[in-house]
Amino acid sequence: MVGFRLIPKEYRFFDLFNKEAENVYFAAKYFNELVTAGSFNEDTVAKMHRLEREGDIITHEISDMLNKTFITPFDREDIFLLSNNLDNVIDAIDAITKRMGLYKLTTPDSYMKQFAVVIEQSCSALCDAVKHLDNTKNRTRVDEYCLEINRLENVADQLRENSIAELFEKVKDPIIIIKWKEMYETAEATVDSCEHAAKTIQSILVKQG
Amino acid sequence: MVGFRLIPKEYRFFDLFNKEAENVYFAAKYFNELVTAGSFNEDTVAKMHRLEREGDIITHEISDMLNKTFITPFDREDIFLLSNNLDNVIDAIDAITKRMGLYKLTTPDSYMKQFAVVIEQSCSALCDAVKHLDNTKNRTRVDEYCLEINRLENVADQLRENSIAELFEKVKDPIIIIKWKEMYETAEATVDSCEHAAKTIQSILVKQG
Amino acid sequence: MVGFRLIPKEYRFFDLFNKEAENVYFAAKYFNELVTAGSFNEDTVAKMHRLEREGDIITHEISDMLNKTFITPFDREDIFLLSNNLDNVIDAIDAITKRMGLYKLTTPDSYMKQFAVVIEQSCSALCDAVKHLDNTKNRTRVDEYCLEINRLENVADQLRENSIAELFEKVKDPIIIIKWKEMYETAEATVDSCEHAAKTIQSILVKQG
């Protein structure tokens, strides 16, 4: 089985989606490095923000291409939505990086390290799902990547529960609690944004029947 | 008037939606019982989580059926969306239950009791709306259930305002404030997730023109 | 070029959308006035809530018209969605007004004043975008208003970063931190809700190809 083949112009959308998804994955990988090294400073925060701007440019290219192309590989509004969903993931990673710098949380604890791993894994699966969208014969595989993202979202949920429980047990300074609680919640919301993109991908598959 | 009749296979979707919505309602009812009894312990939290897993299985069954069925009672992506919206409601109820246990808030105050009632009522209306989706002649009735959910969302909004106002007035310990504030906000967000599902239902009706 | 002309009945939808968007803008303008004057009292909070109720009525009129009209200027579900998105903006403005009153934050600081300006600008651009939806020849212009809303959302993001950074630096009382942090976050979320409506508008344009 070869699956449904696309006409050349449509491939351009997948090229752009791949570029956008790879950029998201690259940001997630970089975030994990920063967390491991505990180096949230002006330079690293600025470098992450450049990745986020790069993502904006790709999102914009996809919008532009939509406006110039009549035939699209899937519904026009879904192309727009998926592109925006991917953009939301990198926005979330950029936001958490900025906040780590802002709060001067330069010594990420073991929970944040676990979150960073889950974020990277989740973005990696998302990148793989996007990469295989270009051929309908990959459908089962794309679905598996989406299920993996769902699974990682449950892991992130549990991490949030455990990290916040421990926070209230061990820390007595309310200001420290406020800061770390927000970081754990934002980390979990980042994985949520991956799941959101995965739901859009699943919805696109579902439409194809 | 008999309304539009469906072919047998399509009924299976409604059976699954009913099963999913009833499970949501059952969880809401159980949450209300827990709040009334103030019994958030390992056993009750685990029992709620089993209901949430049950919901996941039904959501999965709906996805599977979508992949195997060509003709669907309404747009494929809306079936996927509504099923996910219902899943979000039970996820929210499960999350609030876990958090009550985590924070050891075993003596829910009068506001949480009122929230639990509103959550149960809202899930009950949602369950009724879903139950009547199988025949277009029930349209007005479905719409009324959705309006009732909108109304309850306003009630929850007001409860949130009042509960948080009183919290800041009466409590001076910031750590207690952080915990209860989050519970009130999460309770309100649970009712929001019901409204979200109701909006999807209304959007499905709107599409039918 | 005259663009695509609409049939009379369809104009009614645009009249209602304009009415709804103008009401949103009016609320944003009023919020800015309240912030400038620092007058969040029972009367002003009640006046804002009346605007929010006015918005509910218009949303309801749009739903009613949808149920009575066969031919619509764009997809029925998008009319429903955009109307709900506009409603979410005024809900957010009403919520923040209530909360300012509740927390007795009658002396808004310079950050809240900047947020109020951005909210007003954002609602003004949203109102302009909606106003030009009635003729496809305005497409580029509508797109520009949406891009302006995206830009303002980035401004709001930065405001949130700066305001929260300064809050933790200058304030030592955790209860004051909790209150103002929530206000800044809610202000930013209000601009987010404008961006959400803008995305729906862009998605409608994208569908038209």
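A, B and C are the chain letters, set down in written order, and residue numbers restart from 1 in every chain.
Note that in this section contacts are C-beta pairs under 8 Å (C-beta built on N, C-alpha and C of every residue); 3 or more make two chains touch, one makes a residue touch a chain.
Computed from a predicted structure; not experimentally measured.
Rounded to the nearest 5, the angle that brings the Cα atoms of subunit B onto subunit C is 120°.
Interface subunit A/subunit B: under half of the residue numbers present appear on both copies, so the contact uses mostly different residues.
Note on chain placement: the centre of subunit A and the centre of subunit B lie 27 Å apart, centres being C-alpha means. Across the assembly, subunit B contributes 174, 178 as residues in contact with two or more other chains. Of all the residues in subunit A, the ones that touch subunit C in their complex are 63, 66-67, 70, 76-77, 79-81, 84, 95, 98-99, 102-103, 174-175, 178-179. Partner subunit C is touched in their complex by these residues of subunit B: 157, 161, 164-165, 168, 172, 174, 177-178, 181, 199, 202-203, 206-207, 209.
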